[in-house]
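These are the structures, in structure tokens.
Two complexes come next, and they have one chain in common, subunit A, joined by subunit B in the first and subunit C in the second.
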Partner chain A sequence: MAERRLFQEYNRYKKSPPSKSNPQIISLNPISEDNIFNWQAIISKPTKKDNPFYYGGQWKLSIAVSRQYPLEPPVIKFITPIVHPNINLKTGEICLDILKKDAWSPAWNLEHLLVAILMLLDSPEPDSPLNIDAANLYRHDPVGFQSMVQFNMWKVGSFVDVKKSTPTTITKSNQVIRDVSGSKIRAIIA
Partner chain B sequence: MSSNPNSRQLPFADAATIVRAHQKDAYFESIYRTYLQDFFQILHGQRFINSYPQEITVLAKALYLSLTTLLGARTLGEEYVDLIYVNKTGKRLPRLLPRIGFILSYAVLPYIVSKIFKSFKSSSEEESKKDGSISIKQWLIRMFSNYYKVLDVILNVHIALFYFKGEFYSLSKRIFGLRYAFGHNKDPQKVQQQSGNYSLLGGIIILQLFVKSLMALKSYNDELVKKGEKTNTATQRDNGTRIHDINTLQTLSENFETDHIIDLSDESQLPYLPENSRNCMLCLSPMVNPSAAICGHIFCWDCIVDWIREHPECPLCRQQCAEQNLLPLR
Partner chain C sequence: MSTYEEEHNIQDRANPRADDTTARGRQHATLSNIIDTFLTTSGSDTPSNAYAMEALTSALHHLSDADGSRLAQTLMESLQDSGDIDGKRSKGVSQEYLDTLERVKVSSISEDDAFCPICTNKFKDDKYPLVVRLPCGHGVNHIYDLECVGPWLQMNSTCPLCRTNVLEAEQNRRKKIEEEIRRAKEEDSEEEEEDWDVYG
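Here is the complex of A and B:
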């Protein structure tokens, strides 16, 4: 059942790519067509309008689907390190209720899960943290949290690839940060 | 029944009153049990209650009687209809020892006997698996199972006797000579009238026993006759019919499957379902054997059964739905 369902999903994503309906999803596909159970995805928050903390970033995710799918949820992790109250910085583990067995529903698909993760980036839950430092900073010092997020994105180089992402509305703030990438970033924050 | 209202002796109680007292007591015992259950739930959790229901009942019964009869007080049921215990002669109150004996034999003994019987049974089953010979224990078990049958008959006779004469409601009370008397004077004629309809019940029980024993006798006789008839040919024929049965069953189930699959990729099947709702949300394919949950959401039978066995709810709207609530569409 898992295999048939995954191929159905794959065909559906090929026919109408998730990136078309949701520009924050850059890609979603199996790593190789030989193994339909291992997927990867790239999500992004291109502009400050998309997200006040994570703007300009993009992240790669690994999606491991079990043979029990869709009776069991897939395991999704961030491959690109990200500073977020509900995401483990080292392992990329995500604390999101619908990724757990109790709250999962087989009526959801992989695209739904990516949308849910994008929403988690917009509204972190500092009360159930996997990254306590980020949670505290997010709660007490949003500006400090923003600069920590952006600094980490610069450190690991997880900025949106401008050549690939074609949207015409790449905002100025985004470009400024890309241009300064280092010395001038302090000036902007200060 | 021969009580003289002029003497100092209290009149013996009649069957109807005793039954009423007993019913009241049974009700209070069950309340007692609920309280005990709540107590143990707080102390040891739900699992404890589920694994020791019998023990809790026995404890409730023993506690209830210890706090009333053992202390020489009346139970709530006895108080309700104004009964007191007297000894066999009806001239004095029962002593402490018979009261202890009654409580032990009434509340605790049946439980202990059944426990011993169970442990005997399980241990001997293991043994018989090992060597396959009939051991002393197995013989004891046969004794025990007969003991249950005999006890059943004795209890029935005893209750019939009670309905006739109104003396002792339970066997333990008879053994330890605990009789009920009214705590007040009663018109003996009235008492006689009331117990009249109860002797009818006694008569029915005796009749039932009689019929049962007749049937047992007949089946025993039939078995003896059959044993004589049964030869090797009979058993062979028996085996033959059985194999035949299995074969027909198999063909039946095969026919059933091919006849009854409803595949919605075939547009002529269930045409009332619109095209955009012919796909199953779980396997994302056209539904096979579409089945509706309580809420009306439709899935393949196989898909939804797999899910609902683990999580009794609709995957789409999370409304509670058990496996037996699924409705296959035809």
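Here is the complex of A and C:
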């Protein structure tokens, strides 16, 4: 059942890409068509209007779907490091109730989850933090939090080129994404 | 004349356990039917499930003792974990409950492209559809393939679309019906009393 449902989702995303209805979702697809259980997605917050802290950023996510899907939620992690009260900076683990078995619903799909994660970026929940420092900063010093977020985005190079692209015209060619393991990051840090 | 039991050097199981009316039929379980009961009744606290669980655990125990298999140990631990979870909060519904869910005829579904929210297949594409409606109340029409919503409800008794607890919804519905019946009865008896006043 998991396989069939995933292929159906994949076909639907191919027909009408999620980026059409929600420009903050740049891509959502299986890493390779040979394995429908491993997906990746890129989400973004292009302008300050989209988000006062994370504007100009974009992040890559890994989505590991279990064979029990949709009875069990997929495991979603940030591959691009992000400073956020509810996201582990090192592992990319996300603290979001609907990603856990208790609050997940089988009527949701992968696109719904990306929308939920985009909303988590808009409204962090400092009371149940995975990144305690970020939570404290967010609670007591929003301006400092914003600088921290932007500094980290600069450090890992996860910017959308805002000048060249507006929310609706982001294409794959102008994305700048570097993974934690990517050599480009090391070059920047060094 | 010697009895069958004496000839075969076994105890008469029928007599000493005559008062034990439950499950006297086939007592020995094959691995396949242990696994079967384990899979089909998983989540419900039936004695047979506990029995299957015990049998599986002891089988795994043997395995890990025999060759120190790590796999057996991990399997055992996960079995215990799942047992704990089931024991502490079995939030799902029973198979009986699933059997009593309201069936929906596919021909009665007005939308042509109505689909099951879980598998996202159209009901009408299914050759042998078995569609059920959950008792969510508040005038919504939450229908699913029984095949899809069944396993979910056995783990979690909420409607995937609106999170209404179907067990509670069902209870409330029954309470309402009972109350209505009681009220109707009371009215009846009041009327009777009045009648008595008139004619008595």
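Criterion: the second predicted complex is superposed on the first by the 160 of 190 C-alpha atoms of A that agree within 3 Å, B and C clash if a C-alpha of one lies under 4 Å from a C-alpha of the other, contacts with A are read in each partner's own complex, and residues count from 1 in each chain.
Methods note: contacts are C-beta pairs under 8 Å (C-beta built on N, C-alpha and C of every residue); 3 or more make two chains touch, one makes a residue touch a chain.
No experiment lies behind these values; they were computed from the predicted model shown.
Q: Which term applies to subunit B and subunit C once both are placed on subunit A by superposition, clash or fit?
A: Clash - subunit B and subunit C, as placed by superposing on subunit A, overlap.
Q: Contacts for A:Val143 in the overlay, against subunit B (first) and subunit C (second): which applies, first, second, both or neither?
A: Once the two structures are laid over each other on A, A:Val143 reaches no partner at all.
Q: Touch test for A:Leu71: subunit B only (first), subunit C only (second), both, or neither?
A: Both: A:Leu71 reaches subunit B and subunit C.
Q: With the two structures laid over each other on chain A, which partner does A:Ala107 touch: subunit B (first), subunit C (second), both, or neither?
A: both
Q: Would you please give the residues of subunit A that touch subunit B in one complex and also touch subunit C in the other complex?
A: 1, 4-5, 8-9, 70-71, 105-107, 109
Q: For subunit A, which residues count as touching subunit B in their complex?
A: Contacts found on subunit A: 1, 4-5, 8-9, 12, 70-71, 105-107, 109.
Q: Under the stated contact criterion, what part of subunit A meets subunit C in this complex?
A: The contact residues of subunit A facing subunit C are 1, 4-5, 8-9, 70-71, 105-107, 109.
Q: What does subunit B use to touch subunit A in their complex?
A: 281-285, 302-303, 306-307, 310, 315-316, 318
Q: Contact residues on subunit C for subunit A in the complex?
A: Touch list, subunit C to subunit A: 117-121, 148, 151-152, 155, 158, 160-161, 163.
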